[in-house]
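Reading through the structure tokens given below for one structure.
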Amino acid sequence: MVDFSLWDIVRNLLLALRWTVALSLIAFVGGGLVGLALLVARLSKLPGAAPAVALYVQIFQGTPLLMQLFLTYFGLSMLGIDTSALFAASVCLTLYASAYFTEIWRGCVLSIPRGQWEAASSLAMNFREQLRYIILPQATRMAIAPTVGFLIQIIKGTALASVIGFVEITKAGQMIANATYEPFLVYGCVGLMYFALCFPLSVWSRRLERKLNPLR
Amino acid sequence: MTTTPKTIPLVDIRGLRKRYGTNEVLKGIDLQIERREVVCIIGKSGSGKSTLLRCINGLEEFQEGALTVHGQPLKIHDPHAMRELRQNVGMIFQSFNLFPHLTVGQNVMLAPMLVKALPKPEARQRAEKLLARVGLAEKFDYRPDQLSGGQQQRVAIARALAMDPEVLLCDEVTSALDPELVGEVLQVVEDLAGQGMTLVLVTHEMNFARKVSDRVVFMHQGKVHEMGPPEALFSRPQTPELQQFLSAL
Amino acid sequence: MSLDFLVVLAQWPMLLKGLALTVLLTAIAAPVGSGLGIACAWARLHGPSWLRVLVGSYVELIRNTPFIIQLFFIFFGLPALGVKLSAETASILAMVLNLGAYACEIVRAGIESTPPGQIEAAKSLALNRWQIFFRVVLPPSLARVWPALVSQIIIVMLGSAVCGQISTEEISYAANLISSRTFRSMESYILVTLVYLGFAVLLRQTLNWAGPRFIFGR
């Protein structure tokens, strides 16, 4: 019977934590880019964009992330793409994040008074210029706090990638718990590590909210 | 000649001082209010009139002095004592403060049922009678936001009366109303005065004060500056501050 | 690449059984979790400072860790302390604790936005602290935050999909089972996902109808 020290457990978890962070960043950046594209498409009133994006958002916000992961994983292999768990999880979490980001940012843009758009267009700016120089700078300021806040949701979402086999910290925790027969200790450590990642972001997000949105 | 014992004033304020931080807003108030008296408190904003009123039912805490209602000293940190006090002292607010999630009738019935443990049918009867008294019997099942400001304020009066208070405090009860709605509320207050209710009103309605009150108190910078029957105070103001106040109206 | 839904639909008894358990889990967790949230909100606003710290720690712990870890900790970890729970009980407990933490913050925001005049009026009518909280402050507060609370309940309902991982026989577990039996993974998951979507819509409409009717009267 091999005896595992606490350090053995923690060390292995920390190694897996790298993958949690990596997947989170992929989804954050990827989701941000896709979300921004969707936002611009919606705002520029491309024909059919608004209802399509609305449906897209409704699907990702109205269904379990776990189902989305399964569908991506099995869907990709059905399309003939030989896929690793990491790839499938990255694709799924990117799209998941993009749906939430586009909604969050749309809310920020909508809360900018109509008068700003009108003033900009009265100055003969075209849509792209209005967006780039007047609207987005203001909306960005308001969007920082909730965007940081959603990063926390992404980090927590990566835990579900374990179910399709990706070895991040939750999966590593399961494997270690089974090997050591110490589920209380192991899952406790996993929880604390997620907490260590997410709590500082929570605090920062709240501070940003107070600083950048004092009117709220 | 037999000396009849002097009746204890209903509200007895002596040497009341109140500070907000370092700013003293009430600088030693002495005021006695007798049963069945109607007292109007007037003055510029910032003179401390609303603050004084809110001290009487414990919504504001004072640092020095004594305040006695119906013989009982006010003990703001004793919830039991405050509950007793507030059954005897009712308040009507400038912004009505009706409960938005209850109907008009439920607003009036709530406190008697919860505080006086009145059974529902009796509470309902009382509410119906009081709403009729303020002229709103038919609005029993309406929600507050379906009523005009004047109607809401009259409901607020009925709600306060449902607790059978001995004295009613009115804090600028018409200040938030459109001018054409002021009259209906003042009429109700005048009726209450005529029926012998003890009233303490903070008001800007000088004509009303002149007509209805037994005594007018002019407050200035946290003190009772002048006090007297309305005729005397309004026609022959003694101090320059009151003269200035009345001329600016 | 052909999708054959009929094979999967033939398993409708299993799907129905799974859906029933999902509905049951939600039906228990939603009111109990919301009630816990209301109690915690009150504690954070009016409780003694030790209680505030305790509740604050609970809220931060839940909100900064994934639900699946909370579930695993309760189901796999607690037996080490002698507390052995069935999969269903562990699922309900995890959902209640999860919803409670989020509901606490939602309800707290609602309570804090109560206009002070309401409380003054209630005090002037001699209502005591509990009467003021339950009869005057809470109903309009819940009305104000109802959309946010409903959204959170739906999030927890969707999150319950994870409970299938500890063999709770709710609908995602049924999906896994049907998928492995029929080898029709895409169809199984598409179908179950549509069921979740439908239930989410239904749940939102039901709660939006029930709230004004039963809880905050408008």
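Here the chain labels run A, B and C in written order, and each chain numbers its own residues starting at 1.
The rule is short, and it goes like this: contacts are C-beta pairs under 8 Å (C-beta built on N, C-alpha and C of every residue); 3 or more make two chains touch, one makes a residue touch a chain.
Everything numeric here is computed off the predicted structure, so don't read it as measured data.
> If you check the contacts of chain A and chain B, which chains show up for both?
In this structure, the chains that contact chain B and also chain A are C.
> Weigh B-C against A-C on C-beta contact pairs and write down the one with more.
The comparison resolves to A-C.
> Work out per-chain C-alpha centres and flag the one nearest the whole-protein C-alpha centre.
When every chain is reduced to its C-alpha mean, the one closest to the whole-protein mean is C.
> With chain centres defined as mean CA positions, report which chain is farthest from chain A.
B
> Just give me the whole-number Å value for how far the CA centre of chain A lies from that of chain B.
57
> Which whole number of Å gives the spacing of the CA centres of chain B and chain C?
So the centre of chain B lies 46 Å away from the centre of chain C.
> Calculate how many whole Å lie between the centre of chain A and the centre of chain C, each centre taken as the average of the chain's C-alpha atoms.
Whole-Å distance between the two chain centres: 21.
> Scan chain B for residues touching two or more other chains and write them down.
none
> Which residues of chain B touch chain C in their complex?
Result: residues 57-59, 79, 82-87, 89-91, 93, 95, 97-102, 110-111, 114-115, 143, 156, 159-160, 163 of chain B touch chain C.
> Name, in rising order, each residue of chain A that touches chain C in their complex.
Those residues of chain A that touch chain C are 59, 62-68, 70-71, 74-75, 78-79, 152, 156-157, 159-160, 162-163, 170, 173-174, 177, 182-185, 187-188, 190-191, 194-195, 198-199, 202.
> Residues of chain C touching chain A in their complex?
Residue positions touching the partner: 1, 60-61, 63-70, 72-73, 76-81, 154, 158-162, 164-165, 172, 175, 185-186, 189-190, 192-193, 196-197, 200-201.
> Report the residues of chain C in contact with chain B in the complex, numbered from low to high.
Contacts found on chain C: 115, 117-118, 120-129, 131, 135-136, 139-140, 143, 216-218.
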